[in-house]
Amino acid sequence: MDIGKKIGLTYGPPTRNAFGNALKEVGAQNQNLVVVDGDVGNSTRTQYFRDEFPDRFFNVGIAESNLIGTASGLWASGKDVLAASFACFLLCNAYDQIRMSIAFPQANIKLMGSHSGISIGEDGPSQMAIEDIALATALPNFTVIVPADAPSTKAATHAMFDREGPVYLRTGRPKVPVLYDENLDFNIGEAIQVRDGSDISIIACGLMVAIALEAAHTLSEEGIDARVIDMHTVKPLDTDAIVKAATDTGAIVTAEEHVLEGGLGAGVAHVVARHKPVPMGFVGIDNTYAESGKPEELLAKYGLMPEDIVQKVRGTLKKK
Amino acid sequence: MIKNNQSDQENIEQLQKITKKLSRQIIEITTRAGSGHPSSSLSAIEIMVALYLGGIMNYRPDEPGWPDRDRFILSKGHAAPGLYAVLAEAGYFDPEMLLTLREIGSPLEGHPNMRVLPGVEASTGSLGQGLSIGLGHALAARVDGRDFQVYVMIGDGETNQGQVWEAAMTAAKYRVSNLTAILDYNKFQQTGSVNHVMPTLEPLVEKWMAFGWHTTEINGHVFDDIFSAIRNAQATDNRPHIIIAHTLKGHGLSPFEKDDVNRKHGKPLTEEEKAQALEELEAYSYDQKITSFEQRPNPNIEPPERRQ
Amino acid sequence: MDIGKKIGLTYGPPTRNAFGNALKEVGAQNQNLVVVDGDVGNSTRTQYFRDEFPDRFFNVGIAESNLIGTASGLWASGKDVLAASFACFLLCNAYDQIRMSIAFPQANIKLMGSHSGISIGEDGPSQMAIEDIALATALPNFTVIVPADAPSTKAATHAMFDREGPVYLRTGRPKVPVLYDENLDFNIGEAIQVRDGSDISIIACGLMVAIALEAAHTLSEEGIDARVIDMHTVKPLDTDAIVKAATDTGAIVTAEEHVLEGGLGAGVAHVVARHKPVPMGFVGIDNTYAESGKPEELLAKYGLMPEDIVQKVRGTLKKK
Amino acid sequence: MIKNNQSDQENIEQLQKITKKLSRQIIEITTRAGSGHPSSSLSAIEIMVALYLGGIMNYRPDEPGWPDRDRFILSKGHAAPGLYAVLAEAGYFDPEMLLTLREIGSPLEGHPNMRVLPGVEASTGSLGQGLSIGLGHALAARVDGRDFQVYVMIGDGETNQGQVWEAAMTAAKYRVSNLTAILDYNKFQQTGSVNHVMPTLEPLVEKWMAFGWHTTEINGHVFDDIFSAIRNAQATDNRPHIIIAHTLKGHGLSPFEKDDVNRKHGKPLTEEEKAQALEELEAYSYDQKITSFEQRPNPNIEPPERRQ
């Protein structure tokens, strides 16, 4: 991908790799941690943990329902638990199990879904999670984190294990631009303003933060001064940051690698409507599945590139 | 390990008495609540009584989270009234509380909720999930070097759910010998008999054997059978064990018969039906050979186009 | 329940019954219709169809994933298909199957989920669908209908079979107030204004429409004139009705028997933020599971009674 | 009904030639695309060739929706390159299109999409779903009084998924004799061999028998075996039939070997590896007895704590 290169961003490892490495660190610190895999550990990078701590690693086969149930039993008997798979299979194929045996009992289980969004590319729609944020945020008691780059994924991984209760961490397949340095200040529920601006705020998560930064750069050339906010925690949302953005800039555009329904945009609209109504625009996948293709081609075809944000910003500003 | 071996005659008579008392409670509290699943509770009652009150399970009602306790997971969560009656009798809470079944604010919810009722090991009610949860407990024992036992009760209809077979295959992979499943083979699901809804549940023993489990088939209302099956389960090494317990949905009490081919499911008895059921229960003798072995579904019936 | 009685509403059959009867009618007209059940036909009322057309009825057992797969194969070989279960098991236990073999191929399959919401009462959270709207609306290509009473459920059932493509119909367990007469004019995607008003609009779906009407009555006694809109189609939303409500009344409260995330309120907030920002309030289940209890007790405890709407209206009006 | 019986020697040699051609295509187009699952396609290639090009299936490439056509569902959707090569050879589209595999705008997506590519009977890629879909087709034939056949190809790893067993039990209930499953028993899943990941897949034949299916076990690379298994499947009445086909992941070509205990999965070959593979393929003789029967996983291995 070339996203962010023209504004000087360099590429780091995929967020799933950053997760995998951090998981290994957590595993070294916390002897009580066990990891459950649905036979995709080489893809989700839980394999890094397995290679170090095989006795605390369980591969229950290609069976996501069973993955969650097993995780729940391990937790109920006192273990700290991480369960992982592709985001689409984890959330979609085991949702009832997550509901009943993680969210409802408020189990201290961490879930990691890799291969989120359409930027996975060539494998196509069956392997793309484009509805997982809606599914995860609809679960009472859940925390949902969508980090933007490798350093913040590392920080998020450590932070989620410090937090009591169920957490869903969403990572991606491809290499992505680096936004933060290794010792960033990352707190669950606290958005990070990655660029200040006064005309409009772009609130994004995951890969879309880098894309929003590039959009903001283009906009600045037109004299539009856009604030960019990394809303890495999609649940609970940072209400203060949203209200401040609405107040300071009077207009908001959200951007996410997810369908428009039930995602970051819907959540932000909720907060805005309740506290500070301002015009909004939404960048996301509009009621369609994607297809196979190169990540960047897909992002372009399905309306998730910097230009799409730029256009949405222009349209939204007209309503200000 | 079985705590102590109470299979002598005196103890069994005592357990039969307790069973009658708890059966009465199940019928009473569901009729009182106006909803619930008494018939599904009654088919499993002797088994739960044996586990909790027959000296099989190790547990501490005053320390429900005791790490070395044996675990019992009611995967067929709708049999909650039976579990509650047993937990009360075991000392987890005052039996008076049974009267609050399904009332708002009560920890005795329609289906077991582990967050509100001590003694409940898993929140169930969506069928198919308990065996995976039991596997998780069993693996935790291995990781932590503990030797507690895990018992999971599943319904016959519940085994329609694929997750049961996922868990079965994986439990055999991990050779968790501390995991025992108990299948309440009462021959009825929600909309009809197993023979109508899923006759190909048979051959049942062969299925579990092919999934790598040790199996024992018993009459689930006979304490001697239950005790020897549990002993069997714990004698076998390196494999999970399933006890296939032939039972009667509604315990053979006539008010639970619905029509020729069905039993009441998820319906409490009316006051009149209750009176009748309690009377039959009173007269009920364990010398009558209660069994439903002979009702085994026939997987070789004609294509069920006209049935359902 | 007593909801609506004081404003003169009478009670009709549960919406699942109205569905079951209408399904039988459709089955008589359309010989090509088959119905697939997950062994809960007596609860979902697909049994009415089974009793008349046993040759076109298949009970695949307590196996919701298999239910959806079987439905998809029947469709792909040319049948018109209805598949039903409890809303929570249908959506949560077979979501990946719905995604892959209904939504993605845009299959002409109709899904009916009964026992939605917390008004099912005593059976408790495991049987309550409180996230199904978020799940269904997140599926590209899906239409989602949440009818309010028996007559509109009957109309919705007929209407969904006239519509090409996947539809999810959500019904409830208890008897509910009747709002419409039998020959109401029901069109998918067209909201019904059940009460006019100029101070604020209450946009609701399902059982909450009757509850909103009672709230509007109470508000009228305080001199607050509330419009009530039955947004029976939650996807696609009736954008015109929402924008008109925002324009005419300048404030909106939504009400649904669902979590706040990803439901009707989130969808309406989306539309409002895009087209006509006004203050909004949201009535729904706030990040919690419910419990066992009588339907009305639960509605009260979890904030879904007329008083809750009244309060939310008062608060929202302050921000106008 | 098999359209015509082409098991004579001349035809088989012809099919072997076609198989080599399509195998080359599979390797070429995945390497070209830079991603995809050649090894998973190659293990299943003779079976798909036999079905589509060996005269077993009835279909009309110019009328893909012909109601009486036989259906083939690739439940292990990641073997799409194999399916595409076969569909092109069968006349559904120009083989030139194979070069667009995984390109944006191409109907040859990474996993089969029934909406964009005629001939694809189900959109797959999430494992476990195809057998239920096949059951739906088979029931539709019954309702409509048609007599087409339905074939579903599933992976060995795929049978970890419970939905496979849900469908298996239900298909046996409905005694759909027009449903044939084919299990591509290539002994490898994603992260390792079946022997490592899920050794308790064995005993496999016993599992399917216990679920009410007729079974035939064959060498999935030998056309004679495939033809006689299909004949077998269609001769048996009133039951679904599964053909358990022992195969080699990557067809035994050395570049697909990863390490002692694993095969490449979901990785195309590099240009160098490709050259090597094509060379081996060229020299490959069907007289060599290709089989992996002897690799049958051992369910009785020690508890796999230290493995995974």
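Worth a mention:
Order of writing sets the chain letters: A, B, C and D. Residues in each chain are counted from 1.
To be clear about the criterion, a residue touches a chain if its C-beta (ideal position, glycine included) is under 8 Å from a C-beta of that chain, and two chains touch if they have at least 3 such contacts.
Note that this is a predicted model, so its numbers are computed, not measured.
Relative to the C-alpha centre of subunit A, the farthest chain centre belongs to B.
We define each chain's centre as the mean of its Cα atoms; on that basis subunit B and subunit C are separated by 35 Å. Spacing of subunit A relative to subunit B, judged by their CA centroids, is 42 angstrom. Distance from the subunit A centre to the subunit C centre is 30 Å, each centre being the mean of its Cα atoms. Counting partner chains per residue, subunit A shows two or more touched chains at residues 55, 58, 61, 63, 65-66, 88-89, 92-93, 96, 99-100, 104, 125-126. Multi-chain contact residues of subunit D (touching two or more other chains) are listed as 113, 123-126, 128, 160-163, 166, 169-170, 173-174, 198, 305. Taken as a contact graph, the chains are fully connected, with every chain touching every other chain.
Contacts from subunit B toward subunit D in the complex involve residues 128, 142, 160-166, 169-170, 172-175, 198-201, 203, 206-207, 209-212, 238, 299, 302-305. Note for the complex: subunit B touches subunit C at residues 33-36, 77, 102-106, 108-111, 113, 116, 123-128, 157-158, 160-162, 189-191, 197-198, 305-308. Residue ranges of subunit A in contact with subunit C, taken from their complex: 88-89, 91-93, 95-96, 99-100, 103-104, 125-126, 130-131, 134-135, 137-141, 235, 252, 259-262, 265-267, 269-270, 272-274, 277-282, 285, 287-289.
Listing the residues of subunit C that touch subunit D in their complex gives 34, 55-56, 58, 60-61, 63, 65-66, 68-79, 96-97, 99-101, 104-106. Note for the complex: subunit D touches subunit C at residues 67, 71, 113-115, 121-126, 128-141, 143-144, 162-163, 166-167, 169-170, 173-174.
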